[in-house]
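Questions regarding the structure given below will be posed in turn.
Read from first to last, the chains carry the letters A, B and C; within each, the first residue is number 1.
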Amino acid sequence: MNTIIDRLFANTTKIVALSILLIVAWIFATLLQHSMESIQALGFNFITESKWAPNLEKFGALPAIYGSVVSTFLAMILAVPLAIGVAIFLSELAPEKLKAPVGVSIELLAAIPSVIYGMWGLFYFVPIIRDVFGGIGISMLTAGIVLSIMILPFMAAVTRDAMNTTPDILKESAYALGGTKWDVIKDIVIPYAKAGIIGSFILALGRAIGETMAVTFVMGNVHKISMDLTAPATSIPVTLANEFTEADSGLYYSSLFELSLLLLVISFTIISIAKFYFLRRKRVA
Amino acid sequence: MATIIDITEEKALEVRDFEFTYASADEPSIKKLDMPIAKNSITALIGPSGCGKTTLLRAFNRMHDLYPGNEYAGEIIFKDRNILTPNEDLINLRIQIGMIFQKPTAFPMSIFDNVAYGMKLQGIKNRTELNDRVEKALKDAAIWKEVKDRLKHDANGLSGGQQQRLCIARAVAVEPEVLLFDEPTSALDPISTAGIEELIVELRERVSIIIVTHNMQQAARVSDYTGFMYLGELIELGKTEELFVTPKEKLTEEYITGKFG
Amino acid sequence: MTHTQKRIIVNNIVMVLSTLSAVIGIGFLLWILSVLVINGVDALSWSIFTEEGAPPGYEDSGLKHALIGQLMIVGVATFVGVPLGILAGTYLSEYGQKSKLAETIRDVSDIMMSAPSIVIGAFVYAIVVVPMGHFSGWAGSIALTIIMLPIILRTTDDMLQLVPSTLREAAFALGAPKYKVITQVVYRGAKAGILTGILLGVARVAGETAPLLFTSFNDNFLNTDMNEPMASLTVTMYNYATSPYEDWQKLGWAAAFILSMFILSLNILGRLFIMKKKGK
């Protein structure tokens, strides 16, 4: 009897575990299947065409791709130096009494849903951008800034964790040669934690590029490639969030699914690079 | 109650009335300690774990200052000044008083850059000078032959014993006056240990050495003077050959004959 | 000026910059938090919990519909996702261990945890909403389950691996079959960790908006039929906040406040569990 239950239990766990792989495969297959109409009708033009006009049955994803790339790039440019600064502060600089409370608050802020960041952006940041840069305030720039603030807590927390893995004795060795705090950070801590730091930045990039709610509020969903950062724009997730429930033709649907597939492939690739190249999981001994 | 030998030669360091209290502790870990350190000789610190020998060692280059809240009292005289004052220039002090740790601490950079690191911190950029001094330091640390063909390789590819020699090379490269060894062979195999001990003895020509060790045989093999510490106090300081043969203090005798510790 | 003096000056500049960036970063976050609290508390009232949604301009409008919808959608997702996640995590830690299959499942779950959630929404739209012909609470729950699954799976896996193998061996030595060793000994040893994983998993999906946009959709009135479109706090917040009506925007802030407090409490609770465990 025990052997039967034993085998049953083992097999149940295995089937459920395997279902994860199945679901992921199913997601890819479904998105691909629903994208077929668009892939066949538009081919490669889908990603090179810059005109997106559903009423004319024109579906060019370039503005959305451009918007995703530029807004994420802006977010990274702003967030990376801040995250490193915060991480240095938390791991090497802050008085002991501040380390824990500030560190924990940053981690808790990383748990606040992105929709809240988006809402804050809309009500409090859009007016500032409007006053400072002119325009309507809803723009690529706003999206980049809100996105950077949203990913900052996550980036700062993981960068700090990576820096904290540097053994004390290694840091002491550098101090013992007459190094200043900054010498030790730039010559020992950062090189030692390099893989972890870069990996977490790329992971943050992967998350940022797929982020929907933080940017949907403040980007405007305008399918136009503009060099003016203060002009409204769109990104892949923003397009999906705004138009998915409005799609009224087969090709429109299908091209939205192709956008989803594209987004999934892009983020899978970025996250895989971060995971496998930089953050190879340390085996639990 | 402590028996402290008079040191006739010139002194590298002199500890006077020294007390040390960790930030997390109420009681001082080292109490009213006096100790002379002879120049160009090797002084070993022995004693059971927790006796304060590493704590004392880390006071000589003010390593304790890296962690807030630790408190010093008394004096440590180095070059006619008390180095425990708040306005002591720690960077300069640490250049003059180097340290080797319990475990090899190769930095995440090449073998060459490891040895050159201290010099680069001092602003030495001249390539030929760096090359010469790195070569000399590696020769002093008896590791030049093993690494001369792979100076650009990552230092972490070296064996533990080699890494510890590299760390010694790195420390002597900046030409310190004192070198502190904190159980330098505790992570090494017997053959590497013998090599490091030999090296320490050779270094005495140029620097004054203080070595903390949990291994009494090691203290007996390498040192000129030995200090025995117990419960934060220096119980006895004597010439090594005398201290191990005819200890003056009962506690010392009990410790070296293995009655406790 | 000597090189060392230069180094000290550079050091001081960097330390000031680093502190400054910490102040800027934390300042922004405090700003968001205070905006949330000020607007949220201002918008809170009893009627929020007792009234349903109403057209703009009506006095008596609240978030009852969204609160109940949120609880149902997240509740169902938790009810399904937690046991499945624990079972799958059990396989990884206790059976698969370091096998190629187990490692692959770990890798894929890690990637899934960071994958864009809106894509999960699109997937569920295709496999549930399209065949059913309409949006539904079920579809929302399915999307959240898919998001929750890898989180529970990986924390369970990690937490079970932390249980010392001597504990398992001791139980095996008493002649216990493996399923009993796992359910009666290993699970017990990892209880606090798994619980924390569940809390963090629930906290994570409770804040998801994007995957609900075209699965559970929205409903401005109370609906408890999971077969129908259903309101959630997050989608309601989005719709109200982007509306031009001030009273709706106010309700949006109330929703944001309630949701954030809920998620923060779960996170803090989860931390306390782990801390209590470590304190022992």
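As a convention for this text, contacts are C-beta pairs under 8 Å (C-beta built on N, C-alpha and C of every residue); 3 or more make two chains touch, one makes a residue touch a chain.
Quick caveat: nothing in here was measured; it's all calculated off a predicted structure.
A complete topology is adopted by the chain contact network, contact being made between every pair of chains. Taking the mean of each chain's C-alpha atoms, the chain whose centre lies closest to the overall C-alpha mean is A. Judged by contacting C-beta pairs, the busier of the interfaces A-C and B-C is A-C.
One finds 49 Å separating the Cα centroids of subunit A and subunit B.
Chain geometry summary: the mean Cα position of subunit A and that of subunit C are 16 Å apart. In terms of their C-alpha centroids, the spacing between subunit B and subunit C amounts to 52 Å. Those residues of subunit C in touch with two or more other chains are numbered 4, 7-8.
Listed for subunit A are residues 178, 180, 183, each touching two or more other chains.
In subunit B, the residues that touch at least two other chains are 91-92, 121-122. Against subunit C, the residues of subunit A that register as touching in their complex are 2-3, 5-6, 9-10, 12-14, 16-21, 23-24, 26-27, 30-31, 33-34, 81-86, 88-90, 93-94, 102, 104-106, 108-109, 111-120, 122-124, 149, 152-153, 156, 178, 180-183, 185, 203, 206-207, 209-213, 216-217, 237, 240-241, 244-245, 256-257, 260, 263-264, 267-268, 271-272, 275-276, 281, 283-284. Within the complex formed with subunit B, the subunit A residues making contact are 95-96, 167, 169-180, 183, 187-188, 191-192, 194. Residues of subunit C touching subunit B in their complex: 2-4, 6-8. Interface residues of subunit C facing subunit A in the complex, by the touch rule stated above, are 4, 7-8, 10-11, 14-15, 17-22, 24-26, 28-29, 31-33, 35-36, 84, 87-88, 90-92, 94-96, 98, 101-102, 104-112, 114-123, 125-127, 146, 149-150, 153, 158, 161-162, 177-180, 182-183, 200, 203-204, 206-210, 213-214, 217, 234, 237-238, 241-242, 249, 252-253, 256, 259-260, 263-264, 267-268, 271. Put simply, subunit B touches subunit A in their complex at residues 61, 63, 66, 68-69, 91-92, 94-95, 98-99, 101-103, 105, 107-109, 117-118, 121-122, 167, 170-171, 174.
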